[in-house]
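Order as written gives the chain letters A, B, C and D; numbering starts at 1 within each chain.
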Amino acid sequence: MEDEIHHECGVCGFYGVENAADFAYYALHSLQHRGQQGCGITTFDNGKMLTHKGIGLVGEVFNKQNIADLTGSIAIGHVRYPTTDVGGIENVQPLTFRHHTGDFALVHNGNIINSKELRMMLENRGSLFQTTSDSELFAHLIKKDRTEEHRIYNINEALSMLQGAFSMVIMTTNRLYVCRDKFGFHPLSLARLGNGYMVASETCAFDAVGAEFIRDIEPGEILSIDHHGLRSSHYSDDKHHKMCIMEFIYFARPDSDIEGCNVHTFRHNSGRLLYEECKVKADIVVGVPDSSLSAAIGYSEASGIPYEMGLVKSKYVARTFIQPTQELRSRGVKMKLSPVRSVVAGKSLVLIDDSIVRGTTSKQIVSLLRDAGAKEVHLCIASPKYAFPCYYGVDTGTYEELLGSHYTVEQMREFIGADSLHFLSKEALFKAGNRTDMCAACFTGQYPTEIYKS
Amino acid sequence: MEDEIHHECGVCGFYGVENAADFAYYALHSLQHRGQQGCGITTFDNGKMLTHKGIGLVGEVFNKQNIADLTGSIAIGHVRYPTTDVGGIENVQPLTFRHHTGDFALVHNGNIINSKELRMMLENRGSLFQTTSDSELFAHLIKKDRTEEHRIYNINEALSMLQGAFSMVIMTTNRLYVCRDKFGFHPLSLARLGNGYMVASETCAFDAVGAEFIRDIEPGEILSIDHHGLRSSHYSDDKHHKMCIMEFIYFARPDSDIEGCNVHTFRHNSGRLLYEECKVKADIVVGVPDSSLSAAIGYSEASGIPYEMGLVKSKYVARTFIQPTQELRSRGVKMKLSPVRSVVAGKSLVLIDDSIVRGTTSKQIVSLLRDAGAKEVHLCIASPKYAFPCYYGVDTGTYEELLGSHYTVEQMREFIGADSLHFLSKEALFKAGNRTDMCAACFTGQYPTEIYKS
Amino acid sequence: MEDEIHHECGVCGFYGVENAADFAYYALHSLQHRGQQGCGITTFDNGKMLTHKGIGLVGEVFNKQNIADLTGSIAIGHVRYPTTDVGGIENVQPLTFRHHTGDFALVHNGNIINSKELRMMLENRGSLFQTTSDSELFAHLIKKDRTEEHRIYNINEALSMLQGAFSMVIMTTNRLYVCRDKFGFHPLSLARLGNGYMVASETCAFDAVGAEFIRDIEPGEILSIDHHGLRSSHYSDDKHHKMCIMEFIYFARPDSDIEGCNVHTFRHNSGRLLYEECKVKADIVVGVPDSSLSAAIGYSEASGIPYEMGLVKSKYVARTFIQPTQELRSRGVKMKLSPVRSVVAGKSLVLIDDSIVRGTTSKQIVSLLRDAGAKEVHLCIASPKYAFPCYYGVDTGTYEELLGSHYTVEQMREFIGADSLHFLSKEALFKAGNRTDMCAACFTGQYPTEIYKS
Amino acid sequence: MEDEIHHECGVCGFYGVENAADFAYYALHSLQHRGQQGCGITTFDNGKMLTHKGIGLVGEVFNKQNIADLTGSIAIGHVRYPTTDVGGIENVQPLTFRHHTGDFALVHNGNIINSKELRMMLENRGSLFQTTSDSELFAHLIKKDRTEEHRIYNINEALSMLQGAFSMVIMTTNRLYVCRDKFGFHPLSLARLGNGYMVASETCAFDAVGAEFIRDIEPGEILSIDHHGLRSSHYSDDKHHKMCIMEFIYFARPDSDIEGCNVHTFRHNSGRLLYEECKVKADIVVGVPDSSLSAAIGYSEASGIPYEMGLVKSKYVARTFIQPTQELRSRGVKMKLSPVRSVVAGKSLVLIDDSIVRGTTSKQIVSLLRDAGAKEVHLCIASPKYAFPCYYGVDTGTYEELLGSHYTVEQMREFIGADSLHFLSKEALFKAGNRTDMCAACFTGQYPTEIYKS
C-alpha cells in the first residue's frame, strides 16, 4: 500500500544518430525517475528490427553486450513505472509489430480514456490483443494496409479517434513519427544531436547526451523525421495547452524545462507564493526530499526563516530491497526518510511537501519529526487539495482513497497530526508558472475532455 | 580514474536483540554510503557461527531467505568501500575464525599503519594469512590460547601493538568486544535497542532501527557487552580526541551526530564561516550535491545570496551501470551531474564544494556550468586545501595526484577553470565544530602518530 | 554452426488438477529434451490469466515462488528449442490473448507450411502480428467474435485452413481444446491425473507426474476438456497417420510410447535389422550417446559382437557453457564426447549413430576414435540417408548443408573418414516400428502435403 | 536425506601452458562428476596470484571474462562436492595464502583422519584457522619460514604428519608440487600438454584438453614441476597401493584409467563375474543409470540375457531444481529416474546396481519397476555389502544409516522389496581389476591406517 503518485513512463527517440542505442541508454537513465519497473530499446538496422527490454532499472536491464547488439542509427526507448497489478514483461515497451507493409515499433506515455471502447470496436473488426497496453491499441489503429509512404494518413486518422493523453514515438524502418495529444497533457520535446535528431519526454535527457534543444512538440502535432528532415502536420485543429500541472509539481526532474518553464523555478516560485498565502511563524523550514526541496527553498527565501535539512532520504534503494515487516516497523525500523534529530529537536517547523494523496506518508513524516523532538509541525503543501482522480496517465493509487476527496482540510490535519495544514491556491500555482493553460483537474475536477467512467 | 575520496567502511554490532540479523540489515542499509562494494553479516546461534556476505549493495546481497537463515540474537555487520585493485570476496567482512577455544568473527574500519611490520612479525612467529585485510591481522594478534573469559587480556595486549585507526567489533559466541583506537579517528557509538544493545559507525543507523543513543565509544576503550551488561576498560592511558575531520566534511550522513556534533550543522556552520572569509558577489549560491548542500545553504544564509538548485544528481546509479566511453563523453554524454540550465544561465555563481582531491571533477563541473550559460563561477571550498595523504583509513585515490600537494591556489584555479577559488581556513573549520581536537592532517601534514612509509 | 537436428518444442496441458502448475513444472522438466531455449506456464484462476515464462531451462526459469503464484486447476506449458536467429522472449510460449469474449492462451509445436500466405491474408483483413510464432497466427484465425460456447466452430474452421504440422493446446478460462493436425505428424497423448486430465507431447511426462495414459489424440481430432468431461470431434474427414519417423529415431525419450510403440523398442529393433542388412565384422559395437544406444544394443544382440561403452558424454552442460575457440579445439580441447581409450584402442569398431545431417559431428567422432587407437571404424546409421529438408517442424540447421542431399554414400564415407558407411533401408525402418504409416519425407522426398517454397 | 555416496572433489594443475586457465576450465568440466557444489581456479601471472571461485557448476561460475582475467601459464583448479552442512564460499578451493616468503595456493581431495589432532597442535603453536578445510590445515603445516627453494623440505615434513587420504597440488609463483598420500587412496596422474605439464584426478581430464598421459603420481610421491622440469621425491618409504575401490565401482568416469585399469572395463568385468556368482533366470538385464550400465552390459554378455534400457535418467538437472514435496511424491511425481514401461511390463528382471548405501533409492527403484509392471525384480549388486564407514574422503551420508552395517542380506532384501538380492564377492571384485592392492575397508572393515574416532 504505497502512498505515491506514479509517473506514466518516459519515452525517447533518435534519428540519424550513429549507434543510437548508446545514446538511448543514457537518455533513458536520465528519464529513470519517470518509471523504474522496466525499460527497453528498439532499433532498426538495415530493415532488421532489434529489441532488448526487461524488468528492472536501465542499469540492470542493459549491459555492454546487449547495447552493442542494438545496432543502427534510429532508435526508440521507454522507461515504465512500477505497478504490481498490471502485467509483466509483455507490457514493457517498445512494443514491436511485424507487417508485410513494413515492421514498426512504438513507445508512448499517457492514458487513453476511450481505450475500452476502441478495443471493443477493434475486436469487433477482428483485432486481437496480447497486452493491456495502449501502445498495442494504437498500433492496431494505424496498421491499415497502405504503403509506408502513406502511413501518415493512417496515423492522422488513428490519432483522431484517441481521447486522452499520449506522447508517442512510432518508428518504422527509416522514419520516426512523433505525436502528442491535442491537449498536450504530457511533455515531449525535440533536439538536435550531432547531425541527427532526438526527442524525449524531458529536456534533462538532452543535457544527458549533449543534445541541443530545438522546440517542444506542439499539442496535436505529428512530426515526421526522416531523410527529408522534419515535416510537421497536425491531426486536429482543435488544439489546447493543457499541460499536466503535476509534471511541474512532482514528476519532472528539476533541471528539465517544460514548455519554456524550468521545473525547479516553478517549484521555487510556488514556495515563495505559499509563504504569501500562509505566513507561518516557525524556527526552520524543512522540505520533504527530493521533490519538495525547491519549494522549501522558496518558502525560506520569502519568509526569511532558515531553510534546514531536517529530513534525509536514503539513496541506495535497490529494487530488491526487503520492506520491513509491520512488526519491525512497530519496533522502530524505517527505511527511506530519517529525521535530522539535532536540527529539528525543540524547533517549530514549517514542513513543505508537494502534495497529499492518501495522507499516510505525511502522517508518518509528522510522527517521525515529533519523535525526533520537533515542537511544532506546520505542514504547508505547495499545491491545492488533491481531490479528483486523474484520467490522463497519472496513477494515484486507489482513487477512492484520495484523502482530499472526502476530508475537509481540518479533518486532513487531524488525520495527519500536524499543528496546522495549508494548501497553495490554484491561482498561486498558475502564477508560479506564469500561465493558466494547464490541466489542474486533479485539484478542480474540471476535466478538459469527456470522461468515460467504467 | 575516479576523483573521489572513499570511505573506509562501516560497522555495526548487536547483542541481546532477537533476530539480530533483521536489524543488522537495516542498519547496514543506513550505513551504505560508507561502502558500496560488498557487505556481510555474521551471527551466533547456540554456538554455531553463521555468515552471509557478498559483492554488491545491501539490497542486492541479502534476501529474505538468507537473512532468515542468520538466526541468533548476537550479530555483527559490515559495508565495504569500492576499490578495484584490492581483493574480491575474500576481503569482504566479517572475517570468521575457528579455534578450539571458541570461534569468533570481527569487523573493523580504519587503517593500521604498522600492519606490514606486524604481519612480518606474526609470520615469523608462524602466522599464515589468507587476505590482505587488517581484520585478519588483528585476529592473529588476539588468538592466543586462553579461555574465552580471559580473551580480554589478549585483546588488550593486541590493541596496544596496533598503530593507526580502527573501530572494531569482535564477536564471540556470547559476547561483543567493541574497540576504538586511542586517537578516536573514526566514530563508533553505543545505543540501546529493545532489551539489548547496538553499536554502529554512525548514529543514523540507530535512527534506522529505532535504537536509542547512549554514548560514544571512547578513544582507547574496550567495551565488552554480554549477559553481565556493559563493562568498560581502556587499553591505553594515552588517550586523545583526534576525530577525522573528513567525517564531518564529507563522509558521514548529515543526520548523524559525531561526538555530540550533528554533521549537517557542522557543514551548515562551515558554509556560514566560508562567507565570512570569502565574500563573493554573485547572483546565486549553488552546492555540489549531495555532500555540499548543507554548506551551500549556510553560505546563502550568511550572504543573503539566494540558494539555488543549479546542479541535479541522478539517484538511479546501479552498480552495473555502463560508464560512457571517452568518445561518448566527448560527444556530450554525462552521467551523474546535470546543470539546471535555466537557473544558471546568465548568472554569476558561488559554487560550494566540500573539498578538492585531484581536481578533475571540479574542472568538469565548472565546464558543465559554463556550457549551461553561467557567466561567472566562483568556487568556494568548505575546507582547507587538501595537500597531505591520509594514513588512517581514507583512500584519496593515487596520493601523488593530490592537486593541492603541488599546486598553488592560483594554479589550481587555472587548472579548474573557475573565476576565483577560495578555501576555508583551518581555524574556521575548527570553529564550525566548536572544537579543535580533530585530526586535520590532510590539511596540515601534522599526523597524530608516527608514519611508516613504504 | 551446429550439426544437430532440433526438436520443435513440447507441450502439455492440465484440466481439473489442483495446483496444476506444480504438475506442469515436472511435466515440462520431463519434456526438456524437446527444447532448452525457453519455457513457460499459463494458468487460469477464477477467470484471471496468469503466466510465467523466460529464457532458460525449466529448472532455471521457475522457482518456488513463481510456481506458487500460478494458481488454478487448469494450465498449459511449453518448452522451446534453441535457435539463435529467431526471437527472444516474445516468441516463448504460452502466448496469451485478451479478448472481450474471453481471454485465452495457447501452446503448440510443429510448423505451419502455409503460414506466410495465411499471415498475408490475415493482415489484409486487419490482423497485426507481434511475433513470428505460428501460435499467434492460429490465435488470429480463431479469434472471431463468438461466445466461448461457440468457439469450437471457429477452431474447426481455423484448423481447416492450416497446412502442416501442429500439436496444439488452447486454454480458455475453463476449458482445454487439444488439437492435432490431420496427418498426426507429432505425438500428443491424453492421460488421467487424479480426478482431472492431462495431455502432453510424450508419455514420459505422464510417468513423471503419476498420470495414467488413456489414449493418443487422433490425427485431425479436436478434443475439448471441461466440466462436461471429454468431447471429441474432428475438423477433417481426410485423416492420415503420418507420424514423423524422426520422433522414433532421434527426438523422443526412450521411455515414451508413441502411438503404441515404445521408442526404445523401436530403436532396439532398428539396430537388430541394421545387422541383418549390414553384417560388419568387428571386435566391438559402440553407440553414440545418448540417442543411439538402443540401436547399438540391438546390433550387438543380433550380431553377437560385444556392446561396449566406447564413447562417454558429459552430462553437466550448463546453458552458459563457453564453447572452445577454434584455436583451443585445434589444440585438442573437446567438450561433449570423450572416447574410452582402453576400450577402443587396437579394436575394429562398429559405430552406431542414429542419423547424419551435416556430417561434421560424425567426422569428429571418427577422428576422436582413431586418435584413441581404434583400428577400424565402420559407421552404421540406424536410418536411411537424410537427403530432404523437413517442413513439418524439424530444424535441420541450414538445409542446403544436408550432406546426404548432394553426396553419394561413398562421398559421405570419404568426408567422414570412416572405413565403411552403411544406412538402414526404409523398409527395415518401417519394420522396426511394425508400421508403414509414417512420414519419412526426409529420407524419401515424398511429402504428405503440398509444399510452399519461399 | 539423500541416498548417495559423494565424491570428495577433483583437482587439476597446469605448468608451462599458455593461458592455463582456459585449459583448467575444460579440465574441471570433465571432472565435474567429482563435485558439483562449487569450483575455482587460481593462476600466477608475474608473481601476482589471481583467483576466481564460486558456488555452482563450472559452466555457471565461470564466464569468458573471468576466465580471461586469470592470466598466466601456471594454474590449479578444483571442483567441490555438494554438502549442506559444511560451509559456503569460504571452503571452496583453491585456498590462497599470502606470505612474505612467497604467496601460494593449494587444492586437494581426500580426508585427513588426524586433522583434529593436527589442528589442536597447530593452534597451540599459534595457528588460526578460517575454514574447516584440510587444505588450510596443510598450508599451516608447510608455511614455515624458509625460502621457496627450500619449501620442499617443509612439504616433506608436513606430509609425514598427515594421516589419511590426500591428492594435492600446491602452486607457488613458479612451481607446482604434486603430492599423493603414501597409500595412494585417490587417483592423480601426470600428462604432457603442449610444451608443459598437467596433472588431474582422472585421465578423462587429459582427453578433454588433448593432453598425453605420462604416468600416475606414485603413493607417497612429491613431484615438483618447474623450469628444471620434473623432479620426484618421496616423503615416505612406507609406500602401499591402496587405491579406493569405490573409485572403480562408482566415482570415476568410465573413460578414465586408474593405475592402468580402465574404469568401464573394471565394471564390465564385475558384471560378468556377478553372473558367475549369481545366475539369475530372468527375461532382461536392466542397469541403474549411469554408473551401473557397464556392469549390466557385462552381466548380459555373460548370461546371454538381453540387456535392456529399463530405466531412463533425466539429464537436465539444474542446480536450482525444485525437489517435489512429499505430497507431490505421494501423488506420483518423480524426478530423476523413469521406468520404460513397455520394456519392463510383464518381465522378470535382473536389476544391476553398483552398491547399496541406505537402501532407500533401491527401494524406490524396485517400487517404480513393479508399478510399471515388472513381474520379478532380482537385484544384483556389483560390489559386496557396504557395511563400514569410510574415513578417507568418501561421504556416505549419515554413517549410522548404512543399511549393510546392521541388516542381513535377507533383511535388506525385505526392506528393499526385491524378489532376491545378491552381492558380488570381494574376491570377484579384486579379480575384476586383476589386482588385490586396493582399499576395500568399506566392505571388509580392514582399514589400512589407524582410525581416530571422534
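Worth pointing out:
By definition in this document, a contact is a pair of C-beta atoms (placed from the backbone, for glycine too) under 8 Å apart; a residue touches a chain by one contact, two chains touch by 3 or more.
The structure displayed is predicted, hence computed values, not measured ones.
Listed here as common contacts of chain C and chain D: no chain. Farthest from chain A, judged by the mean position of CA atoms in each chain, is D.
Averaged Cα coordinates give chain A a centre that lies 59 Å from the centre of chain D. Put simply, the C-alpha centre of chain A and that of chain C have 47 angstrom between them. Chain A and chain B have Cα centroids separated by 35 Å.
Residue positions of chain D touching 2 or more other chains: there are none.
Interchain contacts close the chains into one ring where each touches exactly two others, per the touch definition above. Interface note: chains touch in the pairs A-B, A-C, B-D, C-D.
Chain contact summary for the complex, chain C toward chain D: residues 22-23, 25-26, 29-30, 32-33, 36, 57-60, 62-64, 67, 194, 203-204, 207-211, 253-255, 257, 262, 264-265, 268, 290, 293-294, 297, 301, 306-309, 312, 314-322, 324, 328, 331-335, 338-343, 372. Those residues of chain D whose C-beta lies close enough to touch chain B in the complex are 51-52, 88-90, 95-101, 119-120, 123-132, 136, 139-140, 143-145.
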